[in-house]
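Each chain carries a letter (A, B, C, D and E) given by its place in the written order, and its residues are counted from 1.
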Amino acid sequence: MKKFILYIIIGAATFIMGYTINNMYSPDLSPVQPIPFSHKIHAGTNKIPCMYCHIYAENSRHAGVPNVKRCMGCHSIIRTDSPLIQTLTSYWEKKEPIPWVKVYNLPDHVYFPHKRHVKAGVPCQRCHGDVANMDRITRQAVSFGIPYARVSPLKMGWCLECHKNEAQKYIGTPVKNGTDCWTCHN
Amino acid sequence: MAGFLERITERLNIYREPGWYKKFDHKWTMVIDLDKCNGCGACVLACYAENNIPVVGKEDCDKSRAFSWLRIERYVEGEYPDVKVKFIPVMCQHCGKAPCETGCPVYATYHNQDGLNVQVYNRCVGTFTCATYCPYDVRRFNWRTYKFEQPLDNQLNPDVTVREMGVMEKCTFCIQRIRVAKDKAKDEGREVQDGEIQPACVQSCPTGAMTFGDLQDPSSKVAKLAKSPRRYRLLEELNTDPSVIYLKRVMNDGAGTHEE
Amino acid sequence: MGQEHMKSEISYREVNEDVVRTMTKTGPAYYIALISSMLVFAGFWLLPWSYQIYQGQGVTGLQTPAFWGIYLANFVFWIGISHSGTLLSAILFITQTPWRRSIYRSAEAMTFFSVLTAAIFVFVHMGRPWNFYWTMPYPNQRQLWLNFQSPLMFDVLAISAYMTSSVIFLYIGSIPDLAAVRDRVTGWRKEVYTVLALGWRGTDTEWHWLNKAYTFFAVFIIPLAVSVHSIVSWDFALSKVPGLNKTIFAPYFVVGAIYSGTAGIVTLMIILRKALNIEKYITLNHFSQLGKLLVVMSLLWSYINVLEVFTGWYANTSFENEALTYRMFTPPYSYMFWIMILCNSFMPLLLIFKKARTSIFVALIVSLAINVGMWLERYLIIATSLPRKFLPYMWHDYSPSWIEISTTIGSFGFFTMLFLLFVKLWPSVSIYEVKEDIGIPMKKGHH
Amino acid sequence: MEKGILGLFTYVDTLLEAAQKLKGSGYSITIFSPIPLGHEIDHALGERKNYIKYLAFIGAAVGFILGIVLTLGTAALYVLPRGGRAIFPVTPTLLLSYETAILLGVFFTLTGFLVFAKLPSFKEKFYDPEVAIDSFGLLVDGVREDKFGDIEKVMREYGANEVKRIEKK
Amino acid sequence: MKRRDFLKILGVGGVGTGLGYFFGKASKPPAAELIPYLNPPVDVIPGVANWYPSLCTQCSAGCGIHVRVMEGRAKKIEGNPLHPINKGKLCARGQASLQALYNPDRIKKPLKRRGNRGKGDFEEITWEEGISILSKNLISLSEKGEADQLYLLTSQIRGSLNNLLNSFMVSYGSPNYLQYELFQNKNLLHASQVTMGVNAIPHYDIANTKYLLSFGADFSSTWVSPVSYSYAYGQMRQGEDGIRGKLVQIEPRLSLTGANADEWVPAKPGTEGVLALAIAYAIVEDGYYKGPDAASWKALLSGYSPKDAAVVTEVAEGRIREIAKEFGQTRPSLAIGGENLARYENGMSGLVAVNILNHLAGNIGVRGGVIPNSNGSRTIDFKNNIAALAEAASASKVKTLLVYDTNPVFTTPKAMKTEESLRNIPFIASFSSFMDETTAMADLILPAHTSLEDWGDDFADPSVGYPVATLMQPAVSPFFNTMGIGDIILSLAKGVGGKVKDKMQWNGFSDYLKDAWKENYSKDKDMLASALTFDEFWNQLLTRGGWWPDEKAKVKAVSVSPKGIEAHISKVSSRFEGDEKGFPLYLTTYAHSSHLDGRGANLPWLQEMPDPMTSVVWGNWIEVNPTTASSLGIKEGETVTVESPFGKINAHVYLYPGIRPDTVSMPIGQGHRAYGRYAKDTGSNPIEILPFKEDPETREIALNSTRVRISRTTASEKMVKIEGSTKELGRNIVQTISPEEFKRMNKEVS
């Protein structure tokens, strides 16, 4: 009996430990967005190319989230009756931007130019997964409710693997100075 | 394990002999003409502005924790009325044989493929070894979390990280500008041209005392200046092979004139 | 005041009883000492350190040319203290020196504890201690390893090797005694020592292999110990800084280490024999022997110290001259320097006289003086070289902040605490070797 | 329940004589002592082999190689030039190999000791606390109980001051 | 404890941790957010920088700048490479003006005084209120027929804003539009007026000169147009032709420029003018002057023979003649007279003497000499200046004062009683965007934009031999709730109504500016030639950052004659207040290299930038010769009381071998009593202890005009300097070669 209580206590303590560790060190892999925007509908069903909305990806570090005007460009006509679109319109009318939640969040000391990777011909899906089939953008693949593999861990080793080996798929050679610290860090 | 071993054997051939690294892409070099330099300090401030260098305030300045990556040293010789004053801007010399690099246990400072001596802030654990080994005292340490008062943080350069507490940092020859220039060159499918890259200090220097370029490219301005008979390098006797070349000040004084 | 030599008519049983008594019989004085040392450790080290981790190294007195200060001095000092225990014990074991037997156990313990203290100081002086694991070689997802050209990496490996081997040395050496204790004690102690003794029975095979293994440990430990301290010296000697860049440093540090370590042993033994009243095991003879050793080391140290200054003087470059003048003739460092000379070169000469050697009081004073002197030496090496580097424009003096000072005090508390715990949990005098010292009981003499 | 017979002696030489006698008459004997009797036992009952030296040597060798692999291998895995030195430098490699050699030497020796001395073992064995204090034990086991009589006689005549029949515990 | 239990516990722990980790992502702290543009601005790509050319207003040099802007925030300021004045370079002050824009101490809203004056107790109001309050005040003023008692005090503004303000004042009916800065170069302007008859500071062609004789002109750090002169200095030292120009500096205290000079002549303070005339005399006497009117020059200069001058100036006669020889023979040579010379009570005459020198050596109108600029637009009314304002105010003849971008309370001597007289003014409105000493006394504060947020233009004076116009355009949208000064005036005009309103019908200063330039364009034939339509021209302006002719204009010759000048040469060397006994030391003040007249003191970068000569940061100091100090028993870093007949301040001693033993020297710029957290209470302000003395002709306030005594006192705060030791100890850190060697070398090379 005494032992049993001991186990209970230990179990509880360690549970809390794990819980906090997770909350502190691993980000939310599929956050809830202010508007349940569905890439499945846009990129999947309607086959809108990525660059149509993420306009800066080709010529800047940032891919850029679509500005509200661009959304309204279509949605001032299309599906204006749907309540979700109306929330969007309300943002537009209130003249305040939509606070999207960041899914792929690199630390400040990492320098990742979308430009270079896009120009090198790395498909967006390589890192961002098959967004065309995602209703909500997520970084983890789930089966039986258990996350078993991330689309992209965004860890240094993962980057290096591509810089060393997979890069040859795209540019024929490994990335020049691809393993040089200051290529990606600043 | 097998692959690991053959990796080693394959590299044994390359990396056995010292100085293999001479096969760098570039050798960025700065030439500073001490006869032009009038010590006005524009370069110091340009460095502050470009590299998000924090202002540490009076107390820490008193503890000699002023952060400037680039400082202008002033040496005064003689007594009134024949006083000789000499200025020399000192920043990281980007030594080819840098003492700091061998010192660091975690590879936080090393020599990159541009022949630059770079510091990786997010790898640094702060053992102070590099700074202790550096003969030029150019390394600066984040003694505490230096915050930028609102709204001064709006001027922070997004191309440069804001260093966190406990890491070492130093002059980078404005590597972010080199990076941008290379990026541009790559887009236009060409090599980086001479004079295309200018670190903040060089850009701002009112007397044009500083010149920056690639020493490996024989046609570059620095390559020509480096041939000047006035050339010398700081504390050359320590055999650190600095990438900063000084041109001697023209001046009538007893000290420091004798040739090596 | 104990007697000259160990009485040979001490019976085996007496030895067991005495040693077990030191572990079981505990007076209030012990608890007071333990608690206070714990308090010192917590109050003077842990609190300031956590404050420092929170605030950053800015709370120390370190600044731009002087990036290393008291912390490194303490690091070297404790490594030095650690030096003698295991090394002496090993050397004396190989050379079969009889007077080793009753002191080596606590000497080895001292080694372990001081290495531990030193190792912690490495993390105390780090800018981002929470990333300490980056300095350990292990396969990681970053695919990034360590710079094995760095003297600090030598340190990491050498010190960890040294610590592990001294622990093993200490433990293997005390298995039989643990068994003996196991047989005598009861309660929770019984359980603990049963595990610790590994089921030792004292059969002839066990003894046989113990001896063989022990010899090899001793053989391994000696070069290791020497290498450790020379490596520590390279942390400084491999830099280009005038005053540090000296080829003499390796022997200088090794000698200094053995010197301070021996002094440390003397101090410790004096306290130990009084506290545990085991004067009959740790006799004046021990102190007389250690005293001789101290005199030898002192002479050696003084010689190399003079040599170090001499080389600087002989070089006669502006760099060396400035460093030397700053160390020897600029207050406050000049005071420290000359006190150091007094403590390390002159006071030990007292021990030339047998009277002094066999006087506990003199031994205590001298050994303490030596340790003060050695600490000053380490402090001077670091605090007077870095502020006088190559470019005079960046000359700035270093003065420790109260955080650093209190940490230094706290480290002594830490060491004391560990040692006090050791005294109670471990047979601090080797039972079986003391018995060996008493002699093997033979009916008809020795054949 | 297996039993053994243990004679406790005060003097080593008498013990050894008894041991010789009993060994001579083909009993398996074990000697317990509070202090190492290596020299004496070798003298009385013949030399014993020492395998540990081989182990120590192997350990050192392995350690040395490990050191080289560690330093050079990791350098090769992620090439970062520093200080104008070679990526595969000789001196530091040797130095670290030296340390690792010693470290692994120590480890192998330790393992050797534990293996040969059959430690740790918490199985039930013949043991008597006295032998950890001041009496030297001579254990004879693995014999039928009826032999105990004469074994005890032998021990007594060689001056065992006590003879016990003990069980494993 | 059994091993089994231990394992059990381990298991339980492991499972617990695992479960905890798995369920851990139930509740998360919110991740970083991505805020998109609502409506993306054109030509802005996040992460890619844009550069906007503009104008630097940190001093009156008028350098062109490029502002680096990312995501709508200004990140860095660099020189405009096309600009003929600073040629892409920029001094520390100019680069630091970024921190004026993002300064935490900026006034973020219009303020109205609540408590009594000077207590700094204000309440926030809206712009409408602010404008209406002020316009009501002005209306009532004009109704009472006291329109001429409205005073407008600004800094040295040139270009369209100046015109706007002028026409506002004129149409309102007040003649009292004054400009005041501490370093306004009035003497320099007037000297060139009286000698060369040109109403503009000439262009000193330092770049091409071979012998530069500088009378206390610290052109490396603060004098007139430091960046362009520094650039020229570089050219002079290591020009293409390989001949190295020589620099001789004449000043009692070794300035930054002096530190770079080949020779330093520490003449007695106040006698530099005499020295200049003596050199001129020697030139004429020794026949280096070939002009026909040599005789009359000699007559004019009689009484300035080197022999006599040597006694006054404490410069050996031989030295004087030597300088005269070199100066007279080297071609081209150039003499310039700087702040130190100009700021004596008779500084103007000193500068005239310098011009005479240039004339005698034939340097005027030649390459590498003095190149006169075409007449500037400035006509400074020397009589109606800050002093006049103070007098009028103390006679309570000033009803309303508008202040913009100048801080007289800080930059005028206590003895002048500016502050007291300002207290007499019933209504003060300030357009400053910082709470400086003057603004703190205001009743109404209408904060104006900083130069990075506003429109404007500037016609550089001195220019570089041909006219240079720089355009100032907003690089970033206003950061706080402030308003452009031009717009304030225009809306004020609307508020005031009547004639004023009719005069100014523009609905924004940008329009006014554009119209002004349309006019310029239509007038100037070069401009017409440069672009077909005005819009094209305007775009050129915006992209190039200004307008300047591509090829240099012809240098027009000017003549200098002895007659007429005589009136402007003062026979005596400048006087110093205080008697020798009581106040043994001369006090010379100079502009702090990074704070100028104190305007830079609120920028943390400039506060932390070590002073070039002393490396002191966060505070100021008094330079004392070591021998003097030891005779007074004062050590480095100690605090002393500096006492003149007009007051006393504290300062830290900096032992400085580069100063005459009978002189002490202090930088101006620190010691603010207000002006934000960085400037407040750092150091002390030497202007406070100066007497109120003006140059008789230009009414320029004399800065070097009193003697002081110093005595040790208890340290208030510490003097912080970056330097450790300044002795090189023969370590070959700054290696040098002698000029002879250098000449030989050049021959070898070429």
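Methods note: a contact is a pair of C-beta atoms (placed from the backbone, for glycine too) under 8 Å apart; a residue touches a chain by one contact, two chains touch by 3 or more.
In this text the structure is predicted, and so the values were computed from the model without any measurement.
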| item | value |
| --- | --- |
| Contact-graph separation of subunit D and subunit E, given in steps at minimum | 2 |
| Chains contacting each of subunit C and subunit D, listed by label | A, B |
| Chain whose average C-alpha position is farthest from subunit D's own | E |
| Of C-E and A-D, whichever chain pair has more C-beta contact pairs | C-E |
| Identifier of the chain whose CA centre is least distant from the whole-structure CA centre | B |
| For subunit A paired with subunit B, centre-to-centre distance based on mean C-alpha positions, whole Å | 37 |
| Where subunit A and subunit C are represented by their mean Cα positions, the distance between them in whole Å | 54 |
| Averaged-CA centre spacing for the pair subunit D and subunit B, given as whole angstrom | 61 |
| Mean-CA-position distance for subunit E and subunit A (Å) | 52 |
| Subunit B, residues touching no fewer than two other chains | 64, 66, 71, 73-75, 99, 102, 104, 107, 110, 123, 235 |
| Residues of subunit C touching at least two other chains | 65, 143-147, 149, 153, 390-394, 396 |
| Residues of subunit A engaged with two or more neighbouring chains | 181 |
| Interchain pairs in contact, sorted by label | A-B, A-C, A-D, A-E, B-C, B-D, B-E, C-D, C-E |
| Contacting residues of subunit B [partner subunit D, same complex] | 4, 7-8, 11-12, 14-21, 95-102, 104, 107, 109-111, 241 |
| Residues of subunit A defined as touching subunit B within the complex | 107-109, 111, 113, 115-116, 119, 177, 180-182, 185-186 |
| Touching residues (chain side subunit A, partner subunit E) in the complex | 3, 6-7, 10-23, 26-29, 31, 56, 59-62, 64-69, 92, 95-103, 105 |
| Contacting residues of subunit A [partner subunit D, same complex] | 179, 181 |
| Contacting residues of subunit B [partner subunit E, same complex] | 33-36, 38-42, 44-46, 48-50, 55-58, 61-62, 64, 66, 68, 71-83, 85-88, 149-158, 200, 203-209, 229-230, 232, 234-235, 246, 248-253, 255-257, 260 |
